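The data blocks that follow each hold one structure.
Across the two complexes that follow, chain A remains constant while its partner is chain B and subsequently chain C.
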Partner chain A sequence: MEVNTQNFRSLAERASANKRLRGVLDHATRHFQRCRQASMDALPHREEYFARARAARFNALAHLPELLEELEKNATALGTKVHWAHDAAEARDIVTGIAKAANAKVIVKGKSMITEEIALNPALEAMGAEVWETDLGEFIVQLAGEPPSHIIAPALHKSREDVVKLFAEKLNLHGEAIPELTMLARHALREKFLTADMGITGANMAVASTGSVVLVENEGNIRMSTTCPRVHVAIMSIEKVVADFEAVADILRVLPRSTTGQRMSSYVSVLTGPRLEGETDGAQETHIVILDNGRSRVLGDPELRQTLACVRCGACLNVCPVYQTIGGHAYGWIYPGPIGALLSTLLLPEDKTRDLPYGCTLCGACHRTCPLSINHPQALLTLRAREKGGSILGRAHSLLARHPHAYRAAVGTARAVDPQLDLLPRLPGLSGLTGFVEARRPPELKKSFTARRRSAAKKERS
Partner chain B sequence: MSAETERHAREDILGTLRRGLAAAPLIVPSPPARPAPEPITPDPWAKLAEVLTPLSVPLRLAGNPAEAAALVADIARERKATSYTRWGESLDGLGIDEALSGLTRAEAAPCRDLSKIDLGIALAHGVLVESGTMVLAAGPGRHRAASLLPPSSIILAPRKALLEDVGKLPELLAKLTAGGRAPACVNLISGPSSTADIELVLVRGVHGPASLTIVGLDWDF
Partner chain C sequence: MRAQLFIPCLVEDCQPETAEAVVEVLEHLDVEVRHPSGQTCCGQLAYKTGDLKNARRLAARYLEIFAAPDPVVCPSGSCVKMVHNYPGLFNPDEPEHKRAVELAARTFEFCDFISGLPATQRMGAHLRARACYHGSCQLQGLPGQDAPRELLRGVRGLDLVEAERPDRCCGFGGVFSLQFTSVSEALVEDKCREILALEPDFVVAAEPSCLMNIGGHLARLGKPLPALHVAQVLAAGLRKETPPWK
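What follows is the complex of A and B.
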């Protein structure tokens, strides 16, 4: 999808004025929070389980190169072809190459953020393939020509009436009630599953010790996409690998609970290579595409690499006051909410994401909710400091802020010539000041409390 | 993309990761031991039923093969099934085919050939009681479609397959791999297919079975 993160401010302003959207978000985020809380309350030893899941993810990051090599070795030994891609363009080339070689005319996809990240669908469609999103929410947003608006509920922003209209216009299918609409989608997509030549999914985890891919879902569309077509391609970003099934068990203990409040999602598939001789279903040809897209650089950054531990449960979105107000589309790319602001800033070019780290009130709700204790606000502050540290104004401001007397003197001087600080930015050559001043509230002209106390005491004495 | 470009990508990615970790090693403190699972004795079936009820999954218990076959036939009748597909050898001794003699049986086959079948019957290799999860290892004669394509699904759960929780999964998977290659597909099934993608309204049976019934085999099967 088109990257629109550079317009975060204007998109956020527009979204926050949309009352209907705010109503939908309020209902949805409260629903997810309630489900999650009830499930967590019922989990004994919660902190121990969180700590184990955190260790499983961070241990994987600490041994990432070795685990990726082990995954490659074990997957290859069982007949899976493993591919490596620097970036989105290379990953698209790999997948379209597999599709061409398999003569894939109909392709079914399981819900996957990574395929959105690399904009895979247009590339497959350009080679003449029919590509179907099969997760109901993804199917709806695909028909609408829109990006997903929530990591786990892509069509969160769509009402029943929207779906009624969409199905009638795009599929000539007519239904009213939600179960009826769901069954219409089932019948439409069932035919696609049965005729598909290739299934494409992401990967919730890849297991180094066995070369397996682990996929978590509720609908069964991922099972269909990996059971019926003769080719299966799993696309994973480098950080999805974990050491073994002990790590998988520790992560599965908290992932569904944190996502939807379920003890376990309806379906978890552990896929290890192509179908065995004598099996009648399952892919005969399996591929794993390992994508970097900037993440290997992030691993070397001690302040930001915690972002790579994320398991995409989406809990941070639901508690974020910014997400609750503006929803997912305002973030301008596929990853919304606190984790989205972080990921987008780390993965996209700098000039496109300048405002994203500021889409955070620093309230810390995301950090407290994250089952892996990712400290989103701290990481966003780091990004802010780095971004501002790069400009002359930012460096000057940073220097003054560390020296209170100099700061007061500078602001006092500026106020003496321009009391409202609204004229200086308009002077030729100082246009950069406008945004800088707009985003800050300089100290008021009155003296500090200590100074006022001292001067009152002096007055009393005299 | 050429093999050369992919090799190049591989070397670059692994090199960057290694340099990053060498410059700033990531030290991870040891996690606490995994807490002991909640015991499922003395009545694991009651515990399982308690977990399955909110998932709209009935649990029915059979004390012997004849009862199991009769329960399967009851469920087929309730679901108005006229055809079924079942796992092969592993279920041969239960007399299911005799109990379902009025129905058409479809053998394991590619998805397209099973798309109109009403009922699928499979066997759990493990049951994670805490989450109500059936663990099914696919293989020859144990087709994945049996628990996926038909609108109604029955999973037979032997008493000896009952395990406490997901912490037992690694051990179970190791057992399923023992002496050979890992199964190409292991499915963990914890309820019927479901979605809440339109206005968060829960609907069962969006792609997989709308109805799932567990038949507990309460003898040494």
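What follows is the complex of A and C.
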């Protein structure tokens, strides 16, 4: 999708005024939070589970180059072709190259953020292939011509009524209830699985010790996309590799619980090389594309490396008051919410992401919810400081605050001239205050605590 | 027991009643209170807008202001959190670093501080009212984050209720409320709706900026529901007289 993060502020402001969207978001995020909470409440020793998942992720990050080489060696030995892509363009070229060589006319896809990141679908369509998103939510947003608005629930911003209309319009399929709509999508997609020449997925994890790709899902569409077509391509970013199946287990104990509140997702696929002689299913040709796209730079950054520990459970989105109010599209790229504000700022050009680190009240709900204890607010503050932050207002305030006499004089003058702070928004550079005071009566400047204390002491003495 | 008062800038000039209530409660608990002069801003605004240079300068000032070894008590979770962030502003080999670690260790949020005093158990506050508690997000993760709730539960006669999502952010977020005014307004709207649904006599919290935000929006809605600091509620409970805002 086109990067629109430079308009984050205006998109967010506009989205927050959309009452219908706010209703849909409120409903969906509360549902996710309830499910997650119930599953966490039912989990004894959860701190231990979190600690093990954290260890699995952070150990992987600490040994990433070695693990990636081990992955390549073991996957290659199985017959999987491993490709390295420096950036999005290289990754697209690799995948379109594989599709061309396989003469792929119909391509089915499992839900994958990484293929959104590299804008793969338009590239495949440009070479004449028919590309079908097979995750129900992703299928809905594909029909609507929209990007996903949530990491794990791409059509979270759509109500049932929206989907009824969309199916009627785009597919001439008519249904009302959710099970009925799901069945319509299933019939439409079943055809595609059976005719597809190629399946493309992301990867939740890649296992260095065995060369396997691990995929977590609930709908079975990823299982179909990886086993029906002749060719399977898994695209992963470098940080998805983990050491071994111990690590996979440690992460799987918290991932579905944190995502949907499930103890385990309906399907966990472990794909280890192409179909062997005598096996009845599986792709005959398998590829793994390993994408960097700016991540090795983040890996080398001790303060921000934690961002790469993310397993994309989406829990930070569901608890974020800002996400709950503006939804995913306002973030202007494919990664929304607290983790999205971080990833977009780290992966996109600087001049497009200046506002993203500021779209956060620093309430910390994300940090407290993250199964890996990623400290999103702290990382966003780091980004603010790197931007050589500070506003004119802030610097003026700091200058005064360093000189208590000048500070007192300034407050005293303000109190004499404008005790209700009515004039303040009219000052140059303080226009942001207009909206603030429209929604809130500004605080009144009163006789200061110090002055009151002084008067009281004087009274006592006399 | 002696303590040094750390009064946030917002409290000093806009909510002085909170500071007076803090003094009243501390003195009632036999704490000898000193209010070191020269306090302006702890550097939170600079820090949160990414201006680390000024944050360091202001932190260095506060290291001087509170150099005496007595505990430092502050009626704001976010300002206490800022002091807890001071060590990170200095390199470990700078002399300020050690002093920052030392100051952070003896800087307490007001409710947390008094919860640890034996006299608090026998405080005997009494106030007949229905209070809605807003658990500021800024207190989360601080030591004693539930101290305000516990103190309020100890006030006889107080009907303490909590909004639907008591710990959800009220939408202030400092500079956030100026840059994302509509989003911030939507959040304070949510917060006030959830508070008003409980029909309390007042809102109570332990964070001055939340109180300014929530109180200010309630005033704009034409619902002049008082937004009070926990210290004010405790002080009123100690006086056992009908508070002026009731």
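We take it that the second predicted complex is superposed on the first by the 388 of 462 C-alpha atoms of A that agree within 3 Å, B and C clash if a C-alpha of one lies under 4 Å from a C-alpha of the other, contacts with A are read in each partner's own complex, and residues count from 1 in each chain.
Here, contacts are C-beta pairs under 8 Å (C-beta built on N, C-alpha and C of every residue); 3 or more make two chains touch, one makes a residue touch a chain.
Just so you know, these numbers come straight off a predicted model, no measurement behind them.
In the superposition on chain A, contact is made by A:178 with chain B only, not with chain C. Contacts of A:64 after superposition on the shared chain: chain B is touched, whereas chain C is not.
With both structures placed on the common chain, the touch criterion links A:125 to neither chain B nor chain C.
Between chain B and chain C, B touches the greater number of residues of chain A. Applying the stated contact rule after C-alpha superposition, one finds that A:350 touches neither chain B nor chain C.
Judged by the touch definition given at the top, the superposed model places A:407 against chain C, while chain B stays out of reach.
Once chain A of one complex is fitted onto chain A of the other, the partner contacts of A:169 are absent, as it touches neither chain B nor chain C.
Of the two partner chains, chain B is the only one touched by A:83; chain C is not. Looking at chain A, you'll find no residue that touches chain B in one structure and chain C in the other.
Residues 9, 12-14, 16-17, 22, 321-322, 325-326, 355, 357-365, 367-368, 381, 383-391, 394-395, 397-402, 404, 407, 411, 415, 432-436, 438-450, 452-453 of chain A are the ones touching chain C in the complex.
The part of chain C that touches chain A in the complex is made up of residues 7, 9-16, 19-20, 23, 35, 37-41, 43, 45-52, 54-55, 57-58, 61, 137-138, 140-141, 167-169, 171-189, 212-213, 215-217, 219-220. Residue ranges of chain A in contact with chain B, taken from their complex: 27-28, 31, 44-45, 48-49, 51-52, 54-56, 58-59, 61-62, 64-65, 68-69, 78, 83-86, 90, 93-94, 97, 134-137, 140, 153-155, 158-160, 163, 178-179, 181-183, 185-186, 189-190, 193-194, 210, 212, 218-221, 223-224, 226-228, 238, 244-246, 248-250, 252-253, 262-282, 290, 292, 296-297, 299-302, 305. Residues 1, 5-7, 9-10, 12-14, 16-21, 23-35, 38, 51, 108-112, 115, 128, 130-133, 138-141, 143-145, 148, 165-167, 169-170, 173-174, 177, 181-201, 203, 205-209 of chain B are the ones touching chain A in the complex.
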